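Shared chain: chain A. Partners: chain B in the first complex, chain C in the second.
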Partner chain A sequence: MIKYTLQRLVALALTLLVILTIAFLVIRLMPGSIYENTELPPRLLETMEAKYRLNEPMIVQYAYFIRDILGGDWGTSIAIRVNVPVWQVLYARIPVSLQLNIVALAIALPVGVLAGIAAALFQNGKVDHAISFLVVVFVSVPSFVFATLLQYTLGFRLGLFPIVYRASAEGFARYASIVMPIAALSLGPIARVARYLRGELIETVSSDFMLLARTKGLSLFDATLRHAMRNSLLPLANIIIPMFTSILTGSLVVERIFAVAGVGGLLVNSLNASDHPLTIAILVFYSMLSLLTILIVDLSYGLIDPRVRVGGAKNE
Partner chain B sequence: MRTIRNSAWRRCAALMMGLLVSGMLYAAGGQQAARPAATAESGYGTLRLTAGRPLETLNPHQQAATATADFLRLIQGKLYRFAPGPGGTGYQILPEIAAGEPVQVDDEGRVWQIQIRDGLQWSNGEPLTAEDVLYSWRMVMDPLLLNHRANAFHGSQVQVVNALAYATGDAAWDDVGIRLDGNTFELRLILPVTNFMLKNFLTGLPVSVVYPPLYEAGMNADRTQTNYGTSIDTMVSSGPFMVTNWIQGAEYTAMKNPYYLYADRVSLAGVHTRVISESGTVMQLFENGEIDFVELSSADFQRFREDPRVIEVPGRSVQRIVINLLSTEKPILQDVRFRQALFWATDRATSARISATIAANYIIPTTHVMDVTDGTLYRNTPEARAILTPNLGYDPQRAKELFDAAMADAGLDRISLQLAYHEGVEERRAVSEYLQEQWREIFGGRLQITLQAVPSSQLAATLRAYPNDDNAFELGWTGTGHNDFDPVSALAHYYSGTPRRKGPYFSDEYDELYRTVLQMPIDDTQGRLELIARAEEVMLRDASFVPVNQGLSFGLVSDRVRFATTDGWSIALGYGWKWAAIVD
Partner chain C sequence: MARANGRNSWATPTRAAERDDPAAGAAPRRKILEVRDLAVSFKTYGGTVQAVRGISFDLYEGETLAIVGESGSGKSVTIRAILGILTRNARIVGGEIRYRGRDLTQLLEDEFHDIRGKLISLVFQDPLSALNPIMKIGRQITEALQLSLGMGRVEARDRAIELMRAVAIPEPEKRFDQYPFQFSGGMRQRIVIAIALASDPEILICDEPTTALDVTVQAQILELIAELKTRRNLSVIFITHDLGVVANVADRIAVMYAGRVVETGTADDLFYDARHPYTWALLSSMPDLETREKLFSIPGAPPNMLYPPAGDAFAERNAYALRIDHDQHPPFFRISDTHSAATWLLHPKAPRVERPKVLVERIARIMERRAADELARDE
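This part shows the complex of A and B:
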């Protein structure tokens, strides 16, 4: 397991290097100057670009880029937060995005699990049909549509919640302002978990060991909770961890709608402003998140179910 | 009822609770502590605004975005400042850090003296001196820092001797035409300027003042970067307001500065700005009474067009389609008849109606002031009116004749061209689609336009790429803002000697007119007017670009806001928020 983990970490580092290289090339090859000031005289522009070594050949720029990164210097933002180290810019935004996504996931999982169980237990009944209908709606409609609807109805029309996120509010006012963004982000994951679990449970419930459990006197509810659920957890883990990444990605638009100062808008803003160091840092952040997610999912198989523990077959 | 023995369930439940609680703790915690307001007793009411982009800095030497400039104008002290005129009409330029009017030393207007006022204070109560001004000016063009605004003293109008050479490291500071003797500055300029031009220049943000102790404290070891203005703790205000709160990417607040020279003219207690990029969200906040101003989208304007609170604001540039007359792949673009055909085939009235803009068959926008003494606008002069083409330059028959003649000489039956427009600008897309269809109809389907949406910065770069790539583009939208108080500045962009132009234009006649107007006595308003009009006429004749419309925006202001001027919006003051009042 340790060897496998180390192998995966090396592969992760190599993948990250490839991503860094591609990001560097794509961003550097984009036309235009990093300076928006159209009145800059050419001589001054040359001098200013030389400050960031943009006058050097691409390969030399790349060498400097890798050297700086290996030395822990990712550079400072040149347009979005001028002269602020890029990771500092990200650190200021990440907690805000995490707050939304952690709470959204914490709500989505139990609600989705309960809905999935209910749908499976009452298969083809009214409850199942109602849940399945909602699942189809929540899965097929993007989160930003829900965000807009919630904002307009609950926020603007009914005045139940603040229309936008209130960064400076404290206590209840702040909680109230994150209700709608969290709701918009939760609906999709709730539906995905419910749909997945329903399918798994229905398949498990009809298996032989469940029949045995029922003949021993367990009710359908107890048998499902105590036996079927356990078997369904492994495939569920397959979607729960990546779901965190997808919620973080999906929150880009939701953050924009509710004016949440998270990581979401940063990437688009930095690209538009030709803030190359910040753009690369954001790309690395998202890449790292995805790579780590994949790693955790793979490793978690072994933790959840010893039967699939990596290398187990060799040791037997 | 049996208890659930499965410990996995308990672990799951604990995990959920943990996630929920940690998220809530994040939610309850502040992102950045707000500095307590020091002057809550001063002024009345808070003006509530929104900005589409977050602040990128509080350092005026590095500012680039419009939203940042709007905020910095509230908090930065300047030598001179535009203010409402007496009785709330028009405008005046108040000496702020300067003690009075600039004094012309030579006959031509190249050497000026400006005295700095005694007794000024920063918002922290420390004295603001002439040495602070000198430090600020030296730092903005420092050759190591190379700030975004390093060209501050080498603009289109005011060019200080050796300022550019100093910024590029080709001259020493002692060679720069800025001298401080006691409390008096002497500025030596390359081009002659008027008293108004100099004061107008000194109202600019890049030449406003920075607080030297913090600027120095924020320097890195090799003095190539300072963290001045990266947070509210790394800068000090000197303008009508001072920063009290800045939550990165979310909101920022400025409260009235009690140490400001003209504090008695400032009515507001503060200005609070929230960063919201979604226009629909901003509209809901306005209708909910949570903000005081919204810039209307085209769709919202239709809903509010009869509302007396709507303020019409003309754009500061003419949107035009640049034609790449260097194209070797489409050599017909070099034929002036083909280019003129596009000019005459453009129905500007309909285009303007589609995009809620002003139809423009001209190059210099309506905002340019020709005579600052009486506020005469260039476009209102007889000379400027005389060069305008009839029917807003729309004549399909003439367009077809020119097109047919050019196509026949080129031996072409059909031609397709690509028109690049700004991605995300709905009005530009709508007009592009309209012209695509209109030109196809007028030219009998022989001109096929394909549209390409390009991000703004990429589009600008593409249009500027013609010196290195003849076929960098075929047709592309652009618009360039200029100094409203100098129509000559609008001509500069088309002069062949101007670097980084958006699209090619070459005309010896035009270049000669431009050079001549620059050399004319600066007080010869009529002579300059005639030359400017002639130069614009030459540009329109050569048709290297097709002017289509001048931007127009519509602001909706809440009833609780009272403007300091009767106009609401003006060229000199904009909305003049810093002078406005709240009347709850």
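This part shows the complex of A and C:
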């Protein structure tokens, strides 16, 4: 297990290096200059280029870039909040985005799991049909469409919730304003979890070991809880990765629709303003999040599934 | 015991008849399970499938009853009905299953918890899928002990290890904490048997317990079941489609076809004196060491149980079928106290027919070998 964890960590570091390289190249290859003002005196330009090492060949720039990052220096923002270290700019925004994403995920998982169980246990009944219908709708419609629809119906027509997010509001008003963004973000994941779990559960419930559990003298409830649930939740770990990343990418757009001052908006702004250090920092932040999720899922898989845990140990 | 002699080949059925002979001084045996006119149907999109159409049999204390029949003859449905684990679209449409006087068909799911696994246990066909792949072996044995018998953790563990030893698992203490994927097929079947035995049941139902195993392991498992049966005084129902397996384990045999019992008798009755053409066909289609010519196979396929035929279901495939077989289902004709068969051929007015030549020759060979065996034993 330790060796496996180390392997995963090394893989993670390598992936991050690749991401950094690609981010560096893509940004340097973008047309345009970081200076919008073309009438700057040549001496000033030279000084500036020397400061950001833009007068060096690309490969040297890359070496400096990597060296700085290894040294913990990610640079300062050059357009959005000039001369403020990029991570500081980012830190201000992260809590807002993360809060949104984590709450959406935290709601999606249990709700999806419950819906999936209900659909599976009442397979082909009314409950199942209703859930399956909603699942199809929620899976196929993207989150930003829901965002707009929610804004129009619940926000504008019914006036139940504020149309945009109000970070400055206190207490109830603030929570009310976060309901719709979270709903928009979590509907898709809820549907995906429910659909997945329903399929898994139906398969497990009709398996031989469930029958054995029942012929052992376990009640249907005990057998389902002890045998079917754990076995079905296991593969669920697999879809949490794409789900987390999809909530993240979905929130890029949804954050803008609800005017949430999160990382998503910041990324768009920094790209528009050619604030390269900030863009790279945000890209790395998103990549790190995805990579960490994958790492957690990989490791937890080992913890839940003995075939991975014990089988892996034997081969070490 | 006589049992030990008959195990080496199918050709020498057990001496069950000798043991059952009241003259030999055996105590009168008590019925432990009594199935009467049991009928089970399944609702499907295509219509109602009559999987079991009124079968009856008895299970006596301490005996092994084999139910033989090809796939789809209703064997597994019958035992699922006994255990109350029929699928949701199945319905018991008639008959009763009396276990020590109680009719199991009338029990509620809650009441079944006191019977299933505690008094009547099941050993599955496929040990590879019968165990939960991500739960430790020991846990799967102790779970029922703890949950339904209320044993403590330590006590349950001791009992599980003792059970694992009883089914000949080497190093049970170490094996206790392993997972199913670390066990071979035969080992897993031993575990499934251990689970079935966990709460000391009276009846052990084995649903083709050796089908998924290779032949050498099959013999070991059969031996284990026979040994456990005598040691724990179990009554065993053995479901199989393999007459070779039956010859080694069964005291009595019920042959099923298309949801009905067509012939029932002691192992000797059925192996030496079968009367139903379907039993003949089954016996003829089984290879033995002397088989040189092309092996007999029953022509045609079993009937579609959505539309069961009016007369004898086997008539379509039966070379011996009489005209009445196509119209009217034959009743049971008694041949002896232990032996009866449902075929019009046994009717006093029926024409006399000869059994298939293959079968006659085979029985002669078996008799010869058996006589030789007995001679060898006496010396």
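Convention: the second predicted complex is superposed on the first by the 285 of 316 C-alpha atoms of A that agree within 3 Å, B and C clash if a C-alpha of one lies under 4 Å from a C-alpha of the other, contacts with A are read in each partner's own complex, and residues count from 1 in each chain.
Quick note on the criterion: a contact is a pair of C-beta atoms (placed from the backbone, for glycine too) under 8 Å apart; a residue touches a chain by one contact, two chains touch by 3 or more.
Because the structure is predicted, anything quoted here is derived from the model rather than measured.
S.K.: Between chain B (first) and chain C (second), which does A:Ile294 come into contact with in this model arrangement: first, second, both, or neither?
M.R.: In the superposition, A:Ile294 contacts neither chain B nor chain C.
S.K.: In the overlaid three-chain picture, which partner chain does A:Leu54 touch, first (chain B) or second (chain C), both, or neither?
M.R.: neither
S.K.: Looking at A:Ile163 after the superposition, I want to know if it touches chain B, chain C, both of them or none. Which is it: first, second, both, neither?
M.R.: Touch partner of A:Ile163: chain B, not chain C.
S.K.: Is A:Gln99 contacted by the first partner chain B, the second partner chain C, both or neither?
M.R.: Once the two structures are laid over each other on A, A:Gln99 reaches chain B alone.
S.K.: Based on the superposed arrangement, let me know which partner A:Arg174 touches: chain B (first), chain C (second), both, or neither?
M.R.: First partner only, chain B.
S.K.: Taking the superposition on A as described, I'd like to know which of chain B and chain C A:Arg230 touches: first, second, both or neither.
M.R.: A:Arg230: touches chain B and chain C.
S.K.: If you stack the two complexes on chain A, which partner ends up touching A:Asp222: first (chain B), second (chain C), both, or neither?
M.R.: Both chain B and chain C are touched by A:Asp222.
S.K.: Touch check for A:Ile107: first (chain B), second (chain C), both, or neither?
M.R.: Once the two structures are laid over each other on A, A:Ile107 reaches chain B alone.
S.K.: Looking at the overlay, does A:Phe209 come into contact with chain B only (first), chain C only (second), both, or neither?
M.R.: Once the two structures are laid over each other on A, A:Phe209 reaches chain C alone.
S.K.: So which one touches more of the residues on chain A, chain B or chain C?
M.R.: Of chain B and chain C, more residues of chain A lie in contact with B.
S.K.: Which parts of chain A are in contact with chain B and also with chain C?
M.R.: 222, 226, 230
S.K.: Any idea which chain A residues touch chain B in the complex?
M.R.: 30-33, 35-45, 47-48, 51, 76-77, 79-84, 89, 92-93, 95-96, 98-100, 102-103, 105-107, 109-110, 148, 151-152, 155-156, 159, 163-165, 167-168, 170-171, 174-175, 178, 222, 225-226, 229-230, 233, 256-261, 265-266, 269, 271-274
S.K.: Can you list the chain C residues touching chain A in their complex?
M.R.: Going by the criterion above, the answer is residues 83, 85, 109-110, 113, 116-118, 121-122, 124, 126, 129-136, 143-144, 147-148, 178-179, 181-182, 192, 195-196, 198-199.
S.K.: Which residues of chain B touch chain A once you look at their complex with the stated criterion?
M.R.: Per the stated touch rule, the residues are 2, 4-6, 8-9, 12-13, 16-17, 19-20, 22-24, 26-32, 34, 53-54, 56-57, 59, 62, 64-65, 143, 146, 148-151, 154-156, 164, 167-170, 224-227, 229-230, 245, 247-251, 274-278, 280-281, 284-285, 287-288, 290, 455-458, 460-462, 464-465, 480, 499-500.
S.K.: Which part of chain A faces chain C closely enough to touch in the complex?
M.R.: Residues of chain A touching chain C: 207-209, 211-220, 222, 226-227, 230-231, 234, 304-307, 310-311.
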